[in-house]
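One chain, chain A, links the two complexes that follow: it is found with chain B in the first and with chain C in the second.
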Partner chain A sequence: MSALGQLFDRFLGRGDWAVTVPTLDGPLLPNQELEDAETFAGLAEADNLVRTEKGILASSANRLTRFGAGGQAETLQEFPGEITALAHARGMTAVAIDGKGLVIRGGLYDGREATGDEARRLSCITALTFLDSNTLLVANGSASLPASAWRRDLMQKNASGSVWRLDLKSGRLDLVRDGLAWPAGIATTGSNRVYVTEAWRHRVLAVDLVTRATAPALEHLPAYPARIAPAFNAGYWLTFYSVRNQLVEFILREETFRKRMLAEVPEAYWMAPSLSSWRDYREPMQGSQLKQMNVLKPYAVTRSYGLVVHCDQNMKPLSSFHSRADGTVHGTLSACETGDDLLVASRGGSRIVRLPKVASGKRG
Partner chain B sequence: MSMAESLVRWRYRLLPDHVVGEILTKKWIDSVIPFTALVILCAIFGSIVPGFFDVTTLTNLSGQTAELGLVVLGMTIVMVSGGIDLSVGSTFALAVLVTLYGMNVGQWSFGTGLLACLGLGVVCGAINGFLVGFLRMRAFLTTLVTLIIYRSTFDIVFPQVSTPIVTSGPDSPTYDFLGFGTIWGVPTSFVVFAVIALLIHLVLSRARYGWRLFAVGGARRSAYNAGINVRFTLFSAYVLCSVLVALSGFFFSARIGSAASDIGTGLELQVLTATVLGGISLGGGRGSVAKALMGTLFVLVLSNSLLALAVPGPVNYLILGLVLLLSVFLDVRWVKNRHKILRSVYISPTFAKMPQAISTAPGAPMAVNDRLKDVGVIGLGFLDGAEDVIFDRQDRLYTGSRQGDILRFKPPHYTESEVFAHIGGSPLGMAFDRDDNLVICVAGMGLYQVSPEGAVKLLTAETNRSLTSVVDDSTMKLADDCDILPDGRIVFSEATVRFEMHDWYADALESRGNGRIIVHDPRSGSTRTLLSNLVFPNGICTAFDGQSVLFAESWACRISRYYFDGPKKGRVERVIEGLPGYPDNINRASDGTYWLALMGMRTPALDLSLEMPGFRRRMARRVSEDAWLMPNLNTGCVLRFDEKGQILESLWDQAGEKHPMITSMREHKGVLYLCGIFNNRMGTLPLKGVDPNWFSSDSYWGKKA
Partner chain C sequence: MSDVNIIELRDATKAFSRIPAFKNVNFDLRKGEIHALLGENGAGKSTLTKVMAGVFKLTEGKLFFDGREVSFATPAEALRAGIAMVFQETNLVPAMTVAQNLYLGEEKMFNRLRGLYIQARQFLAGMGFQVDPTAQVSTLGAAHKQMVEIARAVHHKARVIIFDEPTATLTPEEKRHFFNLLQRLVKEGIAVIFITHALEEALAVADRITVMRDGEIVASGEAKGFTRATIVQAMVGRTLTETLHGEVKRSARPYGDKVLSVENLSCAGLVRNSSFSVFSGQVTGMFGLVGAGRTEMAKVVAGLLKRNMFHGGEIRLLGKSVRYRVPRPAVRDGIVYVTEDRKFDGFFETMTAGENLQIGELTDASNPVSMVSMSRARELAKQWGERLRLKSISDRARMIELSGGNQQKVVIAKSLIQKPKLVIFDEPTRGVDVGAIVEIHQLISDLADQGMAVVVISSYLPEILAVSDRILVVKRGRVVEEMMLSEATEERVMFAAVH
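Moving on, here comes the complex of A and B:
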């Protein structure tokens, strides 16, 4: 009966075959605040914002950069691969290199590099968080692809991501949770629970580190969640790869087209979410993106988007900042507070923007 | 090409999916279900009822058809006007009473009897019509009440006159001829009925009154706003209905000659079943005589056959009721879902594998550049819908606007403009003929001509209908670009015959050869199709050789040449294949080459989907139009090619900042003018090393003194 039901759903486009996407509404109501925000610093492939005592760390492809309060940049180090995640605690910076694993810079374990089993298992690190000065929580996006191939992982409908606990002293690697569809962000809560974003399933999970019990904390998001950064009110800043697109949802259910596209079309020209748009004339165009009177409408459907959501301590969305279809501050994968301001790194827009006073708790 | 791909290709070549959608747009599709039901019913009962096809049975059936048919026609008129008349049974009984009393007891002449009977119909109908039409009472309740009133009147009068009616007989040969006579073997009453049915058919489908009736029933408020006297139309519908019912009663009296006290009871059930089953909508505004006849036959065949099979009367009514219920259900579902079915079936993409695109890598003539990034601008923020541009001998610039105007800009700066002529449709391609008349393709309207004084004249809006067309394709949906042959004939492209201009992207999704090239001869006024099954033919340009025209097929990304004269007359040759974008207008360049606008660029994802018609069809059904995969029309490009199809150079606005979609360009006195139908400006690009005095009308018609 369920097989028949599946066929019926498929024919009518219901159930699992529905290609509907939740709307941006309520606290996610679109605005142009990210687009209108002032530029803090220009940085190609800007990502992985982390606050340290000496300034703000950010990554630009394989370069680790530190910014002073005025936005002056200083390149700290170049790595052999793209930096995919950063974490900082007690003078110690954990750097994840795409396909290579974890490197520790400074502090107690300065110079520690991943080897053997650890390097093999953690080759697609998407997020890092210190549990304490000896223990790191690591999100590994996919078992088969590097972190830079996130589009391919989504379009292949993989669910091979995992979350690990790494003991830096002994090198012991404990599996917390696997079978995740691209975990891309981790945040601690002060209890045994941690929040993990599961991007391709559009949700945030609450995982208990002791019992391994997993429950969704925020579901049915209209976008693919990425990193989680702590916020001033014991809440969180949730960042996103891009918004969901009805056509992408449709293609994910069209096996032949999906597979042929992955095999025959260059990745830059896929009909898939991306971190930027309009870089090349061969990128696909959708109906509402057609410019009318030389204007691209902000409410057009889009493959790339800029979105940062402020959530409370229970992951309930409170407010949000957007850069819409007509904007460029897209692919906002990381955010961090500095004083009362919020910095947001936009990979698609190749810059870091500053949202002043949004982290002061005095927003009207 | 792989086996699977060939299979898909042949499947889409041999099975024309788009015909299904086109058949569904036909008006008669509404009648297919009742017609099939009728055929099945006849087949079933024809095989089990003895003597079903005997002459006596058929004669009897035709007599009954005449009587029930008249009532059904009356009900049809009322239902088309958006109402309902439940009192038909009682009116029928009263009519029979008046006729029988007059003819049998009163010994009236045929004429007097008929007039009295019809007069009764007028009175009964006028009461209904006055209550419903003028006093705006609910049709259902009102006629339910008049049903009871008329029936009660009958019940009061009938017992007092029933004996005299039975004991006496009529004295009118005409009356008897109506009841029992035949004309060429067909019952007289049926012949009369056939004439009346034909008349009503003509009135409903051809005459002003019928159209008003449909308008009132379909959209009462709109009909009122359009100036139709809604109240009178409703009133007259009820009067007509009752008159037809009375006539039916007259026929019945002539045939049977007597009456029982229950005459006409339950008639409304039979009649409603017949109308609704035939497909006459309870909501009003839809119906026809043919449908009424089909419904009548269905009901009669059903009830007569059940009678012949000795099914008791109450069971007979029960079955009739169930049939009515089922047809009401189907009617509601059909009216509600018909347009949904049509919408999901109409768009039928086909297999359209694209050839490898010409390289745009650095170094190639098509190499991407930003030469259009810093161009001059005309009419910024003022132009809307400038698809094409052309110049007259005084250097004045002409272009179209979405509001249906032809705008004229004054040289030398082209900042001041005036409305040169108003056409009303969206003006697309333009050309000047030998006598400086402006010839314009207008979307949805056809080919127009504007004289130098600004007088607008329709040249043609119709061509010959193609033999295999399901939907009449003689009228023009999207005349796109035109040019003029040396002998004065006008050749123009019609991009698609299946979609209106605002649905152009649906045609892109189909990528089928839906377009054609048409030639119009102004001397004889004749128009005929030259080439058909072209894939969105767009730009068209008379070649310098005077024997051929070049035309662009947008979704096929190719340029072809059609010879209208010379040794190769009638032949088509490919000039450029595998363009990296979608070609639009073609115009002459000063050095004997041609300018070509690419309105948008191909994207690999869309090209892939063109090989997968099923994917595109499902996308059209499932995904909102806003999210459909479309040609990338946000990047524009202009290129120049020579007579052999060699691309010489290209001009791009890669980021699409100023000229995202370029639909046309024209060289005039050393400057290239750029147009985009969705743009808010026109661009100017001074050309280097070209004849600074070259002007396209000179190139076509020579210099004027």
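Moving on, here comes the complex of A and C:
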């Protein structure tokens, strides 16, 4: 589009400058399923759920925890930094450590680490998945910020994320795709194609590992997509940081305000998406977020939200589970199936919740 | 109600080009009664009443008014005698105000507009109609236009008032006002003929009911002697599967691909920051009271109305942002809007069905032929006539000569001929008889089964529940509620629409 056209769009609030947000409707119609779900286990900053032969692995800051079927927790190891991603296959667990790289525990490459100079390019690992026994796919959210600075990356409007292929045998690191706006999830499809979420562009990309061709598989999402987990029907569970709202979209377009906010306001009080809210009275509020009779309206505009979407093999949304503005199961960044149930880690709610019979298709 | 007849037709026949619209009909209307006239589209109801109102003259037979044989040359003559007719589609002067329309034909040499408005305001208030007498008619919605028509008939102090589908455009509350008004008219000794397709209304308000089929009276008698089932059977001559009233249970179709995404749409004060999506392979019902902004939302999507210039929101068709200034590019992209006001926006009334259909075909960008061909028009009329069971008097019949239901079928066919991806039906069965309603509903269902994205806008709740897989409720220019068919009840939908 011409510069004049851009100027018109900016003036009239159209096209790229339209401060609009897609609605949560159809298969994304809000419900209270996440909020009503039973608590499987309490875990501070619960994140990164992975199913293994011996139970469910989860991360909590720098601790790697394993849960048995009944929810009993066992701390396996503490790492020198926050665990930002986990993957497990054939007895091997890959653990990503914020700002440091990744380590392999168990299996064929037990003890292998990519934490030195070679891993400088992988300082912000947001997602991992095994392509095969020798190859790991790595999503690196940003080239300049650690994974914990995801809000800063969004508000700085960066697009320096990348996807890499790591050969565990040789240690060779191949770039698959760069220039991504915070790739936060990655999933294999059984072919050369992989799905990658691009959080700040609100979409899921299908990336061909051979040709490197990229095409959007799911676009114009009303929320910031995070990780992707395989689902029972050859489909996927798509998790989200939070939902988009018009005020944040507006601030992202108001350069002067945005820059001043980043420079002058403490990060906790930015008008930006969050994994939890209402823990501090100084947090920013929006018009319809005000409480009435001391009750927060469930449909209020919110900075934090809980959302897990069930998609088919082509990434078409089929159903969804929500925790709305008045809930606490927010910041649901990771999900995994166990038997007929779906476990969802709520980082904002500091717990893992269980949605029974969801993974067998009997619910949802 | 008295036993004295005010209007009587004896062995009456009316033919157009030797083809009878009705034949050997014997009909009587008693003083101070409400007489419901029912029948499928094309049964001859409108023609029968138009003979009484002086629009047409009888081909054979006799018409008696107040015991005297009459033959009205013009509607004005019938009106002078005391017979007024409120037509199915309003016949108001759009450029004039409500008050000017109300007193049309009674103008004096020097008119005092202020006095006229005060007089009109009092008159309308007396009838319980909330219409601004100073408003220009072209700015009114269909329901308000209908109210002005009714008020005009009442104002002429007619002894017989014929209403052709008076309630089709009214909300439930407005209908209640209208029925109260009918009772008042009857108490004053005025006789009312009431053509309707809403059988419940006929059963509720009429003293006597007459059912017509194929130009003949097939049943007539006291209203209490009829039930819904007997009326339907008399009308169509067969037992009808009453899908309209939810007697056939069905499950909702699953979501297809997102075809349309409307984000924070605003259009003047009519549509306010509204967002919704439409999916393929589904019928999305849009319910709301008259004036809720449903039609305006649909018109912005289809390029008939422009959204706000500043921050008017986004519309995405299959993920691509679109902005139509006129309908043609929308049609080219696969969006068609089937209008609620077919008389004004739906067809060319002096052309035949085939010619109207060919206009639809000419709009299709993929069609390389852009020449008008009479043989092609006839071919289209035959092809779509069979598909939609179009009943017309002859191949050369102009649209104006067709019944309301058949006109609607032509309007729908004209839209479908453009091979759309998204069809928006706005009040698709307004002024359409029960038989045609079932056929149109079946057609809508078939379109969704074929994978098309279908939106049905309706003020008639049973219709929304009968056809929709997913229901959006609109209130004050905004989609305020969404529910799947399995969750939807009349109470829940109506609650969302009014609270």
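By our rule, the second predicted complex is superposed on the first by the 359 of 364 C-alpha atoms of A that agree within 3 Å, B and C clash if a C-alpha of one lies under 4 Å from a C-alpha of the other, contacts with A are read in each partner's own complex, and residues count from 1 in each chain.
Heads up, the rule we're going with is that a contact is a pair of C-beta atoms (placed from the backbone, for glycine too) under 8 Å apart; a residue touches a chain by one contact, two chains touch by 3 or more.
Values in this document were obtained by computation on a predicted structure and should not be read as measured data.
Peer 1: Just chain B (first), just chain C (second), both, or neither: which does A:Leu29 touch?
Peer 2: The answer is second: A:Leu29 touches chain C but not chain B.
Peer 1: Is A:Lys316 touching the first partner chain B, the second partner chain C, both, or neither of them?
Peer 2: In the superposition, A:Lys316 contacts chain C only.
Peer 1: Quick one: is A:Val19 in contact with chain B, with chain C, with both, or with neither? Answer first, second, both or neither.
Peer 2: Both partners, chain B and chain C.
Peer 1: Quick one: is A:Gln246 in contact with chain B, with chain C, with both, or with neither? Answer first, second, both or neither.
Peer 2: both
Peer 1: In the superposed arrangement, does chain B or chain C reach more residues of chain A?
Peer 2: The partner that reaches more residues of chain A in the superposed model: B.
Peer 1: In the superposed view, which residues of chain A touch chain B and also chain C?
Peer 2: 13, 19, 246
Peer 1: In the complex of these two chains, what residues of chain B are touching chain A?
Peer 2: Residues 368, 384, 505, 600-606, 608-609, 612, 615, 618-619, 621-635, 654-656, 658, 660-661, 678-681.
Peer 1: What residues of chain A sit close enough to touch chain C in their complex?
Peer 2: By the definition above, chain A touches chain C via 12-15, 18-23, 25-27, 29, 216, 219-220, 246, 316-318.
Peer 1: So in the complex, which bits of chain C are touching chain A?
Peer 2: Listed in rising order, the residues of chain C that touch chain A are 254-255, 257-258, 261-264, 275-277, 279, 309-314, 316, 319, 321, 323, 470, 479, 482.
Peer 1: Within their complex, state which residues of chain A touch chain B.
Peer 2: Against chain B, chain A makes touches at 13, 19, 245-247, 250, 254, 256-257, 260-261, 264-266, 269-271, 278, 281-296, 300-301.
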